[in-house]
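Same chain, two partners: chain A is paired with chain B first, then with chain C.
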Partner chain A sequence: MLKINKAKWAELFAALSAQGTLYLPAEVDGKVDFTVWQDGTEVNLQATQTAKSIKNVFFPQIENLLDFKTDGLKLSVEQRMLPEEDTIAFGVRGCDVCSFEVLDKVFLKEPVDAFYKARREHCTIVSLACSAPDETCFCDTFAIDATNPGGDVTTWLVGDDLFWQANTDKGKELTEKIQALLAEGDEAGVNAQQKATKEIMAKLPLADFKIDPKIPAEQEKVFNSAIWKQLSDSCLSCCACTYVCPTCHCYDVRDFEIDNKVERFRCWDSCMCKDFTKMAAVNPRVSRLERFRQRYMHKLVYFPENNEGTFACVGCGRCLQKCPVSLNIVKVAKALGVAKDV
Partner chain B sequence: MCNCGSKDVLTPQIGVVTEIRTETSDVKTFRIEKPEGGKVFDFMPGQCAMLSAPGMGEAIFSITSSPTTKDYMEFSIKRCGEITEYLHAIEVGQQIAIRGPYGKSFPVTTEALKHKDLIFIAGGIGLAPLHSVIDYMLANRDDYGSIDVVYGARSKEDFVDYKELSEVWPKEKNTKVHLTIDKAQEGWTGNVGFVPQFLKDLKFTPDKTVLLCGPPIMIKLCLAALIEMGFAKTQVYTTLEFRMKCGVGKCGRCNVGNKYVCKDGPVFRCDEIDELPDEY
Partner chain C sequence: MQKIAELIKKEAESLLKENKVTAVWAWQPGEFYYDNSPVCFTAPEQLDKLVYNEFCPSNLGKYLMAGSKKNETMAVFAKPCDTYGINQLIKDHRIKRELITVIGIPCSGMIDIKKIKNQGVKGIISVSVSGDDVIVTTAYGDKNFKKSEVLLAKCMSCKGSDYMIADKELGEKMEVKCQKLNPEDGVKKLEAMTSQERFAFWQQELSKCIRCNACRDICPACSCEQCIFDNQEAAVAGKASANTAEEQMFHIIRAYHVAGRCVGCGECARVCPQGIQLGLLNTKFAKDINEFYGKYQPGADDDSKAPLVDYKFDDVEPTISAKGVR
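Presenting the complex of A and B:
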C-alpha cells in the first residue's frame, strides 16, 4: 500500500489536476460539496457526506446535445462533440461509487447514452473510505462496504496520512503519474480503521434497517397501501430529494432559441414535479400522492424488477438530511412494512 | 461535427416532407423520406417515431404507413398543441428531424395474429397505428384471416383516410369496413352511434382477435363491450399513450409500473395491462 502525508496534499491535488479536471469535496458557500479544484480550494476530506451527490460529473444538470440550423426549407442537425475531457472524481464515498453502477444500468443499457458513456470513460474515480459515518447513513442495507469503497483507486484517511491503493488499470495509470509523491505505507493503520468504523456502523441508528428483497413481488399490495396518502400529504413537491439523490436520473429534453439557431439541451427533471407526466387531455399522475408513490415505487419495486434485484437507493442518507418535512426512503419503507428487523 | 462517429440516442436524422394531405379540419397526413430518397429507417406496424419542431421540442407519433412501402413513411397528425401546430404549418419540401423507430410493434409476424380472423377498432386519430397494420396485412393477405375494420368519428368529415376506407379496403379479399359517426348528418347513410354499441350491433363472434386504438375512454368502453360479447382480454391488443421525452426508456417519464410505454409498449395485450398498477 502507498501513502501520502498531509504536508504533500497540495502537491498531490496539483499533480492530479494536471491529469484531468479534478472534482473533490470542499467548502463551498458554507457547505461541503464537490467542486473543481483550483489553487486555494478549501478541500474537506473529513465531512462524510457532501450536500449533493457527484452524479453531475457524468450526468450534468444541464447539457447541450445538439444544434439545429434552418435555412429556408433546409434543416441541419449537428450533434455536440462528445465530451473528451479527462476528469478525476476524488474523495467519493462508497455509497456514491455504487450509485454510478445504478446510473450505468440506465444510461449504458442499449441504446447507450453516448454523452454519459463518454464522460464515464474519461473519468477516474478515487474513492475515500468512511471513518465517521453520519447518523443518517445506511449503505450497509445495500451491502455497500464504506470501509472499502472501490472505484479505480481507494484511499483511506488515517491520521495525517492518506493511504492509496490502485484497483484498476485506470487507477494504476493515474498512480504511475503521481508515483513520485507517494511513499510506501503500512496497512496496519488502515486495517485498524476499518475495524473501528465497522464497530461504529453497527451502532448507527439505521444499522438494523434492511429492505425485504421480496417487495418487488408484492407490487400490488405495496402500490395500494394506505401509507401513500398519509405520507404524501405533507410533501411540498419541492423536488429537493430528487436533486440531491445520487441515483435519481429523470430528465427533460428542451429547445432554446439563440441567434438564428436552436440548441437542444437535456436537464435534470423530477418525477415529483406536477407537470412531469402532463399530456394534452390527461395526466396519469395528477396528484401529489401518485407522484410521491412513483418515486418510491421506482426505487423499491420497479427498478429492482428490471435490474436483477438492485434497489435504486445506495443509503447515502441525503434525502433524510435535506427534505424540509422529514420525508425519506427509510420512513417510507418502514411505513410500508417492507423494512425488516426494525 | 460529431466526433468518433458516435451518434447519441437522442440525435435525430434529417428527412424531407414530400407530400401533405389534409384529412379533416384538424388532421393532416405527412409523407417523409430521406433527402436523397427512400425510407429514413425500417420499422414494424405499431412502432413510433419522434418528430422535432426545432425551438419547441419533440413529440412521438405512430407511423401510419405500412413497412412494406419501400420509399417513405407517413404520419397522420392531429393539431392540438405547439408541436402539432408547427407541423400543420409546414410545406412540402420542408426538411424535418426524425428519430426512431421506438416501441414494440403489433405481433404481426407471430402466431398471435397470423391466420387469425381480425377486428380492427379505431376512434379518431387512433386509426393511425392500425392503418399501418391493415396495409401490412393487405400486402401479405394470405397470411391472415378475415379483416373487419370498425371505425368511429365525430362526423363524416372527421374520418382520416376516408377515400381508402370507402373505396380501397372494402374491395380487398375478405375485408369489410364498418363506419359510424356520433350524430346523424345529411347525406350519411351509414351507422350512427358510438363504437361500443356498434360493436354489439355488428354481432361479432368472440373467436376473433381484436386490435383496438383510440382515446382512453373509448378503449375502456369498447373493452367492456367486447368482454360482454364473450371476448377474453388475451384476444385484445391495444396501445397506451403517455407523455414521452426520450423514447428509449431512460428519461423516466412514461412508465406504468416497471414497464416503459416508449420501449415496452405502446402495444400491449389487454391482460398484460391488467397486471400493471392502475395508473394509465
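Presenting the complex of A and C:
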C-alpha cells in the first residue's frame, strides 16, 4: 500500500489537477460540497458527507443537448459536442461510489445515454473510506462497505497520512502519474481504522436497519398499503430529497427560447413535483399520495425488480438530513413493514 | 416540554373521542430524537406516537389547507409563532376558520440540530434536554451544549409567547431565553452596501439554489393552488437552475409575492438544504413596508387590510420612494 502525508497534499491535489478537472469535498459557502479544486480551495476530508451527492459530475443538474437556430426561413440544428474533459472525483465515500453503479444501470443500458457515458468514461474515481460514520448512515443495509469503498483508487485517511491503493487499470494509470509523491505505507493503521469504524457503526441507531429483499415480489401489497396516506399527508412535495439523492435520476427535456435561438436542455426532475411527466394533458399521478408513493416504490420495488434486486438507495442518509419535515426512506420502509430490524 | 406533551395528548384524545374534529395535526417521533415529523392523527389509538419536544419546529398550519378544501373539521396544535401563519392562511382564504380548532401550546424555543452538528458532532444516539442543558449522546462520547446557544435562528428572534389565534391554550406560557437576534440587523448591513456589492452578495447567495422549492412549499404565505413556477406554459417555469438569472427570478418574485403577507416565521431559511439566507429578502420587504406605510405585522389578526392592498391618501408615492426620498 502507498501513502502520502498531509504536508504533501497540496502537491498531490496540484498533480491530480494536472491530469484532469479535480472534484473534491471542500468548504463552500459554509458547508462541505464537491467543488472543482484550485489553488486555495479549502479541502475537507473529515466531513462524513457532502451536502449534495457528486452525481452531477456525470449527470449535471442542467445541460444543453441541442441548439436550433433560425435565419429567415432557414432552420439549423446544432448538436452539442460530447463532453470529453478528463475528470477526477476525489474523496468519494462508499455510498456515493455505489450510487454510480445504480446510475449506470439506467444510463448505460440501451439506449445508452451518450452524454453520461462520455463523462463516466473520462472520470477516475478516487474513493475515501469512512472513519467517522454518522447516525444517518445506513450503507451497511445495502451491503456497502464504508471502510473499503472501491472505485478506481481507494484511499484511507489515518491520522495525517492518506493511504492509497489502486484498484483498476484507470486507477493504476493515475497512480503512475503521481508516483513520485507517494511513499510505501504499512497496512496496519488502515486495518485498525477499519475495525474501529465497524465497531462505531454497530452502535449507531440504524445499525440493525435492513430492507427485506423479498419486497419487490410483494408489489401489489406494498402499492395498496394504507400507510401511504398518512405519510404523504405530511410531505411538502418539494424536491429536496430528490435533488440531494445520489441515485435519483429522473430528468425533463425542455426548450429555452432566446432571440432567434432555441436551446434544448435537460434538467433534473422529481416525481415529487406536480408537473412531473406532464404528458398530453396532465401528470398521470394527480394526487400527492400517488407522487409520494411513486418515489419509494421506484426505489424499493420497481428498480430492484428490473435490476436483479438492486435497491435504488445506497444509505447515504442525505434525505434524512435534508427533508424539511424529516420524512425519509427509513421512515417509509419501517412504516411499510419492509424493514427488518434483525 | 414533557408535561406539555402529556397535555397535548390528552387534548387530542378528547377531541377525537368526542368527535369534535375528524383530524388532529401534531408531531410524531422519527428515527433519532431530533427528527420529529408533522403527522395527521385520525383515531385516538394512534396517539401513543404523539410527541412534543424541542425538535418540533414545523408550523402545522399549512397542512390544514387540504382538509379545509374537503370541508373537514381539524384541530391543530400551534406554538405562538405558528399562530401568525394560521391567521395569514385564514385571511388568504386558504383555511376556513369555522372548520378549525387552534390549540395554543407554549414553547421555550426549538433547537437547531444543524448548529450542534456543525460543531463536529456525529453519530448521535440520543439527545436529552433539561432546562438550558442539552446532553447529546453520540457513538463517539457525550457532548454538552447550552440550549440558549443552539436555538434555531427563528427562535432567537421570537415574537413572544402570545397566541394570535387560539380557541384554547394549554399549560403556562413560556419564554425563549437567549441572546435575542434582530432580523433587521442583517438587512441594515445589506442596506449599507453599494448596489454593486449588494448585487454580488445576492448573486453569490442565490447561486447556491438547487430549485427544490422547499422554501415555497413550507411557506404559509405561499399558498397559491398553482404556482406560476409550476406552470409549463409560463416561460419562467424552471425545474433547474438554468442560469443565475433564473434563480434570482424565482426568489425575487416569491419575495414580492409574499410581501405584506410574510409573517416572518423563518421557515424558508430553516428548510433550505443549501443554507441560503432567504429571510433577509423577506425582512427587507417587511422593513420597507413598515417604514413606508406604518408598522404592520402580517398574521397578527385575520381580517386587517395589508398595507399593499389598502389605499390611504398619505401613502408614500412610489415614484418618490424609488428616488430614495421617504
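Definition applied: the second predicted complex is superposed on the first by the 326 of 342 C-alpha atoms of A that agree within 3 Å, B and C clash if a C-alpha of one lies under 4 Å from a C-alpha of the other, contacts with A are read in each partner's own complex, and residues count from 1 in each chain.
Just so we're on the same page, contacts are C-beta pairs under 8 Å (C-beta built on N, C-alpha and C of every residue); 3 or more make two chains touch, one makes a residue touch a chain.
The shown structure was predicted, so the numbers you read here are calculated from the model rather than taken from an experiment.
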item	value
Joint occupancy of chain A by chain B and chain C, clash or fit	fit
Chain B versus chain C as contact partner of A:E305, first or second or both or neither	first
Superposed model, angle subtended at chain A by chain C and chain B (C-alpha, nearest 10 degrees)	90
Partner chain(s) touched by A:A143 [first = chain B, second = chain C, both, neither]	neither
First (chain B), second (chain C), both or neither touched by A:D252	both
First (chain B), second (chain C), both or neither touched by A:D269	both
Chain B versus chain C as contact partner of A:K278, first or second or both or neither	both
Contacts of A:V106 with chain B and chain C, given as first, second, both or neither	first
First, second, both or neither for A:L65, with chain B first and chain C second	first
Chain B versus chain C as contact partner of A:Q79, first or second or both or neither	first
After fitting on chain A: smallest Cα gap, chain B-chain C, Å	8
Overlap of the chain B and chain C footprints on chain A, listed as residue numbers	252, 254, 257, 269, 278
List of chain C residues in touch with chain A within their complex	30-32, 35-40, 58, 63, 66, 122-125, 138-140, 204, 208, 210-214, 216-218, 230-232, 235, 237-242, 267, 270-271, 273-275
Residues of chain B that touch chain A when the two form their complex	1-4, 6-14, 16, 52, 54-58, 80-81, 91, 93-97, 215-216, 241-243, 245-246, 248-258, 277, 279-280
Chain B contact footprint on chain A (complex, rising order)	65-66, 68, 70, 73-82, 84, 106-107, 109, 111-115, 118, 219-220, 223, 249-255, 257, 262, 264, 266, 269, 271, 276-282, 284-285, 290, 294, 297-298, 301-303, 305-306
Touching residues (chain side chain A, partner chain C) in the complex	29-31, 48, 51-52, 61-62, 132-136, 200, 203-206, 230, 233-234, 236-240, 242-244, 252, 254, 256-257, 265, 267-270, 273-275, 278, 320, 322, 324-328, 330-331, 334
